[in-house]
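Naming follows writing order (A, B, C, D, E, F, G, H, I and J), and every chain is counted from residue 1.
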Amino acid sequence: MTATDVSGLTQLGAATGLPDSPETALLEKVPAGHAGTLYVVRFTAPEFTSICPMTGQPDFAHIVIDYVPKDWLVESKSLKLYLHSFRNHGAFHEDCTLDIAKRLVGLLDPVWLRIGAYWYPRGGIPIDVFWQTGAAPGGVWIPDQGVAPYRGRG
Amino acid sequence: MTATDVSGLTQLGAATGLPDSPETALLEKVPAGHAGTLYVVRFTAPEFTSICPMTGQPDFAHIVIDYVPKDWLVESKSLKLYLHSFRNHGAFHEDCTLDIAKRLVGLLDPVWLRIGAYWYPRGGIPIDVFWQTGAAPGGVWIPDQGVAPYRGRG
Amino acid sequence: MTATDVSGLTQLGAATGLPDSPETALLEKVPAGHAGTLYVVRFTAPEFTSICPMTGQPDFAHIVIDYVPKDWLVESKSLKLYLHSFRNHGAFHEDCTLDIAKRLVGLLDPVWLRIGAYWYPRGGIPIDVFWQTGAAPGGVWIPDQGVAPYRGRG
Amino acid sequence: MTATDVSGLTQLGAATGLPDSPETALLEKVPAGHAGTLYVVRFTAPEFTSICPMTGQPDFAHIVIDYVPKDWLVESKSLKLYLHSFRNHGAFHEDCTLDIAKRLVGLLDPVWLRIGAYWYPRGGIPIDVFWQTGAAPGGVWIPDQGVAPYRGRG
Amino acid sequence: MTATDVSGLTQLGAATGLPDSPETALLEKVPAGHAGTLYVVRFTAPEFTSICPMTGQPDFAHIVIDYVPKDWLVESKSLKLYLHSFRNHGAFHEDCTLDIAKRLVGLLDPVWLRIGAYWYPRGGIPIDVFWQTGAAPGGVWIPDQGVAPYRGRG
Amino acid sequence: MTATDVSGLTQLGAATGLPDSPETALLEKVPAGHAGTLYVVRFTAPEFTSICPMTGQPDFAHIVIDYVPKDWLVESKSLKLYLHSFRNHGAFHEDCTLDIAKRLVGLLDPVWLRIGAYWYPRGGIPIDVFWQTGAAPGGVWIPDQGVAPYRGRG
Amino acid sequence: MTATDVSGLTQLGAATGLPDSPETALLEKVPAGHAGTLYVVRFTAPEFTSICPMTGQPDFAHIVIDYVPKDWLVESKSLKLYLHSFRNHGAFHEDCTLDIAKRLVGLLDPVWLRIGAYWYPRGGIPIDVFWQTGAAPGGVWIPDQGVAPYRGRG
Amino acid sequence: MTATDVSGLTQLGAATGLPDSPETALLEKVPAGHAGTLYVVRFTAPEFTSICPMTGQPDFAHIVIDYVPKDWLVESKSLKLYLHSFRNHGAFHEDCTLDIAKRLVGLLDPVWLRIGAYWYPRGGIPIDVFWQTGAAPGGVWIPDQGVAPYRGRG
Amino acid sequence: MTATDVSGLTQLGAATGLPDSPETALLEKVPAGHAGTLYVVRFTAPEFTSICPMTGQPDFAHIVIDYVPKDWLVESKSLKLYLHSFRNHGAFHEDCTLDIAKRLVGLLDPVWLRIGAYWYPRGGIPIDVFWQTGAAPGGVWIPDQGVAPYRGRG
Amino acid sequence: MTATDVSGLTQLGAATGLPDSPETALLEKVPAGHAGTLYVVRFTAPEFTSICPMTGQPDFAHIVIDYVPKDWLVESKSLKLYLHSFRNHGAFHEDCTLDIAKRLVGLLDPVWLRIGAYWYPRGGIPIDVFWQTGAAPGGVWIPDQGVAPYRGRG
């Protein structure tokens, strides 16, 4: 049976506060236990919030991240803290979504990664943002994210 | 078999424009065919729109009306035209909902009437307004309106 | 074990055409096998169609009938044929719904009966009609009909 | 902690064939472990089938049984075998449903029992049958069965 | 037609920042336009977030508020700002929910009010909190909130 | 603003192992912050598992608990650990469900409590168990649990 | 972190009325913050309404727009105002849908764009219109729009 | 803005009866306003009914038609009348479905067309029929029809 | 208009008993009315039951069959009788599913055929079996079967 | 008709305890009855639980396995026991998922296999893991797993 090596981590199992900003949040990684095997890891984060840079009011999003690891896995507690670090960060929906994805790409150098960000409506019209690093690698199974479309009322 | 008397109507079967305002819209009625029988008629109007009196921007609502007729039924084409007459009318959600209901009560003098207005979100928080003329009459079957609650995203 | 007496039926198991009208349709009954027991029988008829008396165009409805038998059950094949007999019959939604219910009440003299008729939209606004013979008898279990509300699009 | 007494059972843990008929099926009971406490036990049996007495063709139903035990619980494996014993039994929907419920009432002498039988459509119109032994006892929580209504297609 | 009096408001139509805390948030009211009529106003706020007082980590909730106005309506923009003011406030789920409801009761002195708070899971088990000021007033129609139960996965 | 007193707790914020059995699990309580206010707290635990006492195989359930506190709230981390302590405990569905509820009643002496346990199917037929301490107290709002009924396949 | 340049905008943050027509509505753009990155932006607009050119009656639609930016993003407030400008504009469903899409293509010169317009039924039969500028660019992730099909009643 | 030319139509805006048969129904077309643009038009017709040629009993279907126009659009009122003309027409499900599609192909000479016919069950087993004129043209967006599969009961 | 030739059938319109076994069931075919046209016919059979060869207990499945006819259509009444003939037949899920499909392939020699069998759970884990005769023919539209995955409870 | 050879099995039909660990669990196979036919077998296991190696607390998952057999089928009772053997096994989500899949690959040497593991949330963010042995073989029908995405609340 496989046992992931967590010896390099600093936050897991320790008391941790809320990071002040995405820049100062510590995003950690562990060696992928099945190196050479191409599989998908999906994180679903329905608790994302940031600040609108134009109005100073809170924004909310449901975010789903899929990636195919190469040598590293993102450690999930540090990912949670990183996402929470946007709580007082001002950014447009498109910028915020791509910044998260590119930070993960920089950390993990994955075979492939994509992000879907499903933002709560403002002015009656929600915005979704979808990005991937490129065409998905052949022979890897990547299910649809299947998030329900926005329907207003009725 | 019962045949509703439509001889007093002026708009049904005729070419009709869009009324300018709720005040000028002609809401018509026909004699109820089963006088003395207590039953419920439900109209579901997912196409309602009016104007926000503070911002001048359009508002939208999904509206459901239930009533128990006494002597009169509302004619459905005139109801459609009446609802469409709010298209350029400015009113708050609470006022608009109750004004519709009370206009129908004035026209029909029904045994009982209720309205549920499910407004599209503004600022992230939708408002619903629910009113009925009083406790429902005994022995009448009035199913739940069953409109899905607002859920944001995810 | 109980065996319903079907000896008085004329249509069950025989070749039967489509009745010309509700007036000429033969609605049959069989003795209720559990006389003295108060239970509910529900028929769900999603295939109802009649003719609009104003325009001559077809109308459609999803109809649900609940009743508590006294001495008689309606025979289900004859009920199907009776409902199909409205195919070329012109009537308003309210009239049509109550006529069906009252025909059944006249045939069966049930302890209690109700009908829910969920009509397809015309002009964007569907009409539902709900009627029951009176307050439901005490101690009888009558589940909600649970038909989904009309939602337009989205 | 409570331990139900299963010492009187004959079928549980033994190899058992399919009973030939409802009459010969052995329906067993165990003493209720919380005597004096009024609670509800719900069985959901989506795998019920019997034979139509008019045509010899199979009928199918989704059946839900709720009861409030007095001194006895029905043993669930024997209930499964009892329900499967209708496989070659011919009966009308109404008769079949009430026969099942009354057999359980005779075995268990419960405080209260109800049955909901949701039959698959024949001729386009499904029949549901609902029965309970009487008004539910006060102070007992009995949730709605919540089975989705039949919707045809679309 | 009814026109709500908004002359006393200070935040509506003005640029407004995010309040620092619930204590400093300005919750405003307007005179109810249909005084003497008993109706329900429902707000659905799927974008609520506060801080866990034990761990300092963010908490999230979907909140629904129903009330029957007496003389006052809560102004919806100020309600939005008030709810957002919990963003950096630490409180347990039960406390937070009741504090919101009681602040509204103090402001509006409504005929009746209830709150349902549907918190996102921590440790696998979400908490919901439900409170109302007392039995609902007779003859007022108050639909179920109908928020879907938590289902984990699958 | 209200602040719950957690000073008497021993497990919250500390490293805690999995209790060996329900008997040895430490279920803790905190003083209710809004004493005298009648409200409902709902826990949804979709991760419950125990052992079948007849076969030694695992059983699974989705469990929902509603209660109206008097002087005490159950501490949610200790509740999680208590529920997980059934992992190696053998009990019938009915016994297991009522034992959980009565342990909570003994700990909290609540105004009212109910439990709904939705067990995964065995032999094709799932069992649900519903219990409450008695009729719900007047004037308290207790929403339906709304758990979807079992549907088999299709 | 990325910060979108909004210095060229004229409507964002300013008081804006409802444009008189699509021709006079001001649709604005901002430079895309992640130039060279191929991603999808989705707008969901469930509040669209225009006028039927044959009858003068209102039409309604749920509209979803997906695009892959090249150098420009559409500014979302101006998009909202542009869509609302069809409120008094008469056009057939097919024309209206394609006019919106082509206006955006002219403004943004995107890598790729598609529109799905889900119109509310008229005469019982809703019309949907689907268009894209051509085959989607390779390596870009474009989720299904997933809008539920129209189902009538039942 | 585009304006479809309707000058050649004979039924739109005029009083029209129900055609006697598919052969005599007048199916009309208008010039496509965006000639040279490849887009999809979808009609959803949940109100289709014909006659079973073996038994003379009514059949029902939910029908969805997708097509890519070349030079012509089908006029929607005439399509509705054409579909209603099957009301007294006897045909098997497979024949009826393909006849409708081929009539449209003959009228419009479209770039591409497909039909999905979802028939209501007979004998417990519904039949669906799916046909298209050939492989869909490259670069055209054709969403799934997404009609829910038949599920019987439960 | 097309009229299928049914002159060779022996069971349609005649009284028919339940076949004793799949081997003795008479599966009939009729000439395909649109020879040369590649379309899909889908049968949905939610009422399938057979016997477990290890335990003698009933098994249940929801079965969906898609095929592209060459020269023959299967007659639907004979298909119903054939499926019902498995009622007393013992077979593993995988064998039973493929035997049905291969019997149809032998009868019809279709261009292409697939079967999806969604078996009810045994021991908590349902089995689904999916087979097709080979890659689907080019240019034919074959929608997803869309059967909901098994979800256990909650 | 096909009859699978079960003569080599040791656990089926015998009393079996819960295996102590994945290593000691006996996973058995039977010869595939339709050798040379490429079809898919899907197992859905909503009752999976293991132990978090960092905290010692239980983890839960909904697991779906699809495979195309070559010469062997996995025997379903032994698969159930194997999955239950993880009950006291500590492993990370990614490791656990791939270990299950690779054990099956080692046992069966299938043409192709994939696994989807949908883990219950920890810290608000569920992890899903998706793996397949490589690109699916051509001409085999492999439906989407269709498991609903995690949605949090509301």
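Brief remarks follow.
Operating definition for what follows: a contact is a pair of C-beta atoms (placed from the backbone, for glycine too) under 8 Å apart; a residue touches a chain by one contact, two chains touch by 3 or more.
Computed from a predicted model, the values in this text were never measured in an experiment.
Of the two chain pairs considered here, C-G and A-C, the higher C-beta contact count falls to C-G.
Listed candidates were B-E, F-J or C-G; the one reproducing the E-F interface, defined as more than half of contact pairs identical by residue number, is B-E.
Here the CA centre of subunit D is 54 Å from the CA centre of subunit G. Each chain gets one centre point, the mean of its Cα atoms, and the points for subunit G and subunit H are 27 Å apart. Separating the centre of subunit F from that of subunit I, both taken as means of CA atoms, is a distance of 45 Å. Annotation for subunit C: residues touching 2 or more other chains are 46-47, 60, 62, 120-122, 124, 126, 144-152, 154.
Screening every pair of chains for touch gives A-B, A-C, A-E, A-G, A-J, B-C, B-E, B-G, B-J, C-D, C-G, C-H, D-F, D-G, D-H, D-I, E-F, E-I, E-J, F-H, F-I, F-J, G-H, H-I, I-J. Residue ranges on subunit I touching subunit D, taken from their complex, read 17-18, 46-47, 49, 51, 56-58, 60, 84, 87, 120.
Against subunit G, the residues of subunit C that register as touching in their complex are 46, 60-62, 118-122, 124, 126, 147-148, 150, 152-154. Within the complex, the subunit H residues that touch subunit I are 22-23, 53-54, 89, 91-92, 94-95, 97-99, 114, 116, 121-132, 134-135, 144-152.
Looking at the complex, you find that subunit D touches subunit G at residues 149-152, 154. Note for the complex: subunit C touches subunit D at residues 1-4, 6, 12-13, 32-34, 37-47, 62, 64, 73, 76-77, 79-80, 83, 138-148.
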